[in-house]
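Labels for the chains are A, B and C, by order of writing; each one numbers its residues from 1.
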Amino acid sequence: MKSLKGQSILEAQQFGREILDDLFLEADKMQGVCKFLDGGEVSEEAMHECGSIKAGMAEKKIALLFYEPSTRTWSSFYVAAENLGARVMAIPPARQFSSAVKGETVKDTIAMFCGYGIDAIVMRTDKEGMAKEADEAACASGRTVSIINAGDGKGQHPTQALLDLYTVKRFFKNDLKKDIHEEKINIAFVGDLANGRTVRSLAYLLNKYQDPEKLEFFFVSPPVLKMKDDIKDYLDKKGVKFSEYEKLADVVGKIDVFYMTRVQKERLEGIQVDYDFIRNNCSITKEVVEKMKKEAIVMHPLPRDPAFGEIPEWFDSDPRAKYIQQAENGLYVRMALLKKVLLG
Amino acid sequence: MKSLKGQSILEAQQFGREILDDLFLEADKMQGVCKFLDGGEVSEEAMHECGSIKAGMAEKKIALLFYEPSTRTWSSFYVAAENLGARVMAIPPARQFSSAVKGETVKDTIAMFCGYGIDAIVMRTDKEGMAKEADEAACASGRTVSIINAGDGKGQHPTQALLDLYTVKRFFKNDLKKDIHEEKINIAFVGDLANGRTVRSLAYLLNKYQDPEKLEFFFVSPPVLKMKDDIKDYLDKKGVKFSEYEKLADVVGKIDVFYMTRVQKERLEGIQVDYDFIRNNCSITKEVVEKMKKEAIVMHPLPRDPAFGEIPEWFDSDPRAKYIQQAENGLYVRMALLKKVLLG
Amino acid sequence: MKSLKGQSILEAQQFGREILDDLFLEADKMQGVCKFLDGGEVSEEAMHECGSIKAGMAEKKIALLFYEPSTRTWSSFYVAAENLGARVMAIPPARQFSSAVKGETVKDTIAMFCGYGIDAIVMRTDKEGMAKEADEAACASGRTVSIINAGDGKGQHPTQALLDLYTVKRFFKNDLKKDIHEEKINIAFVGDLANGRTVRSLAYLLNKYQDPEKLEFFFVSPPVLKMKDDIKDYLDKKGVKFSEYEKLADVVGKIDVFYMTRVQKERLEGIQVDYDFIRNNCSITKEVVEKMKKEAIVMHPLPRDPAFGEIPEWFDSDPRAKYIQQAENGLYVRMALLKKVLLG
């Protein structure tokens, strides 16, 4: 198994099953670390783990370089780094503030951070492929600097996919002890499948984690927001079953995992979307809930859009609603990832 | 006396006299802590206090979530948290940066921070009542997370009121040993009384702190910026005397505490204001200073507006000018408040 | 020699040769400190140095107050302060966020920070002379607060000049052991000499560091962007030789140090610039490189502008390209400066 130490995290495809299981084990431990930091009672082991991590991380410097808005990803990385005892440098929102306004290339920007002794750069950009470019610049600097892609435009968002998969693993059929590799997962992706990078990243990652026969995808979206061919070709090649629908009601009874998404208005670029259609057919409605399996789980990368209602607030108290805990899992997974990347 | 531990700080009305006296005692101690951190000589007690606070706060996480501009409130909370040894997470200016641009509700935003183990969220918003909404979301999360209202639009700004009252207490008649509860305070609120939330919050708080007969309000403003009826009704109900004026010169001789305010141009929404009138009649002028009591104090929540001149710079060197120390008091009061809320 | 302790850093002219040599020695030490923090093997002395600095800086508070965009200066000060173990408060980009939008004077803003116990304020503004104004306000506060000018509009950028000079010293003729005071330095300033404050600051600083006969300036720019008279008068008065050119090719063979600059489009204010002319005559071209001395060094304050190409990327691998290391030197010099200012 290739260690993550000193690696960059660029895309979901880079992970193998073994490394994912190892990472998720670390994320489990991080729940104990967080409980300890919060003043809760934990095992000796968790306390010891916490102390040794903090000692190792004390002089690690993590930069947050976000060219695009984010609350959840930004905050969870910030808290993750703080919890580990690292030093965080949050660059002010880069689009307006930084040298980017003076036309500097990402290559020069990254070379600068390398020179300043930064150990990891968590970056979000609006341009697909920019994280990879940054990684090349980091490698060229001759130093060990990890680039962590926190979303690159329409490209990928691999740490979101990691926390999504971890959430599936943790909550699948509400049985913590199960070996999920042995289970068949019927997962529905619902909503804006054309623009959601989280959907793409998770689709790739699930294929790395499960055998093809243990996986079936159900894509539910209005015609204009259908899943793109690259993912479908990939699934075909891997021998994973998938099918497409326009109405969630047509398939709800088969689904174990609902992955709901927000229509990304900011990326539509002139496409006309029939919101009423989505509201009635690609959302969690009373009708859908009625037909939903008792042990199903409902996920959402958040933020959700209350004006649109893909998941209405009244569903929050349903035990199948896991999106709030999913966000929380983001903290544990990102702590685990930063620890693996910086300390091994 | 109900402890502040784990409480949210939402509005001035929530405080009773006993809890205020306790908080102000803590703020006095914080002056010693600051002196110690600054390398000054302090008592053993202050040193010990400082060490025990830092130990208790070491893993407390405080988020600053500001949807509206601020320097003073933001910086004083930041330094307060740092001085106490807590970990501060300053969310980048939320209006442009955060998921708010994607339409996320404050409820979902707060649920997320709760999941990340944040202990206190200091928030400023442009919408009245948003802090209360945030508090409800925090309570619903099942965790102990305190919301601290750092200004919610035209609503309140309770920590400003606390530092204002502390300033009155500290400097009233320039006698530190006095029991202010025994004194009658004649306080003038001058300027933009229609839009100033600090004025509203302080008016409420003074009523909590002093018996009705120990308090008299003098409202000085041009007709279009008069104090609104809700406060006047409240004073009537409490049996507190107040009167209204258009010219400061008409009342200056009676006043112990001048609370000057800036005309909040950004909240006027089309109201025509006669600036020359204000400059001549609702400002600190040479004429006003001449008639001012020797032991009076002049306060201002700052920033002041040099273009308008409610307090001209030449007055800064007058011993009655207390607005710079008032801002400094903000640090001590916010340290005391964070300590009380997080450690008890 | 006047110590820097408690001083403000406002302009290049304030430094004498002795204090510069002392500062550069400290910057050399900071390279060891950084190596140690990075986990590298260093001397006992560097380890000890590091520990004693961290102890002294633990309660020092450094505010970053940037009213104008910056990545490099902001980040290097941030990392410098963190490496020293100080507490950093990065004010959100001040132009949009702070009380400046409400018209507050810099005097009131600085008085506030002084009240909060800030020890040093690193500030960048768009208004020449604002750092000096800030320093006056800090002095008036009666506290020891150092203002560090990180660029004031068309004024100066003294810490950039310090790192520039340190880079010249470190790399001149690629001989670390040389005594640069004994060497004659032929330095070319190339590009936008009218608007570049870094050029102005470095010109002043070089004059403080070298005897007049050990220095010769070559100004290369299109006519509309020529060096202004104040610097030329200053050089005349000091007896330093200089000459002016429109084409780099005409003078390249004589030059030891090339100081390239970006055309500051954001400061041109209506002046028409012939970009093709600059691209062909005031840039590093193949023709220039061919005629360049073998031991010359090429510097640039960065960011460079790829659309304009004053230094094309293909030159980065040339051993004479020192601009990446120059940026890195910024970290060491700023660490040294903060240490000298705050601890002596």
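Heads up, the rule we're going with is that a contact is a pair of C-beta atoms (placed from the backbone, for glycine too) under 8 Å apart; a residue touches a chain by one contact, two chains touch by 3 or more.
Computed from a predicted structure; not experimentally measured.
*Asks:* Can you give the rotation angle that fits chain B onto its twin chain C by Cα atoms, in degrees and rounded to the nearest 5?
*Replies:* Superposing the C-alpha atoms of chain B on chain C needs a rotation of 120 degrees.
*Asks:* Compare the two sides of the chain A and chain B interface and say whether they are made mostly of the same residue numbers, over half shared, or of different ones.
*Replies:* Under half of the interface numbering overlaps between copies: different.
*Asks:* On a C-alpha centroid basis, what's the spacing between chain A and chain B, in Å?
*Replies:* About 40 Å separates the centre of chain A from that of chain B.
*Asks:* Which residues belonging to chain A are in contact with no fewer than two other chains?
*Replies:* In chain A, the residues touching two or more other chains are 90, 92-93, 96.
*Asks:* Enumerate the contact residues on chain C facing chain B in the complex.
*Replies:* Listed in rising order, the residues are 59, 61, 63, 87, 89-94, 96-105, 107-109, 111-113, 115-118.
*Asks:* With touch defined as at the start, can you tell me which chain B residues reach chain C in the complex?
*Replies:* 34, 37-39, 66, 69-72, 74-76, 78-79, 82-83, 90, 92-93, 96, 262, 266, 302-307, 313, 324-325, 327-328, 331
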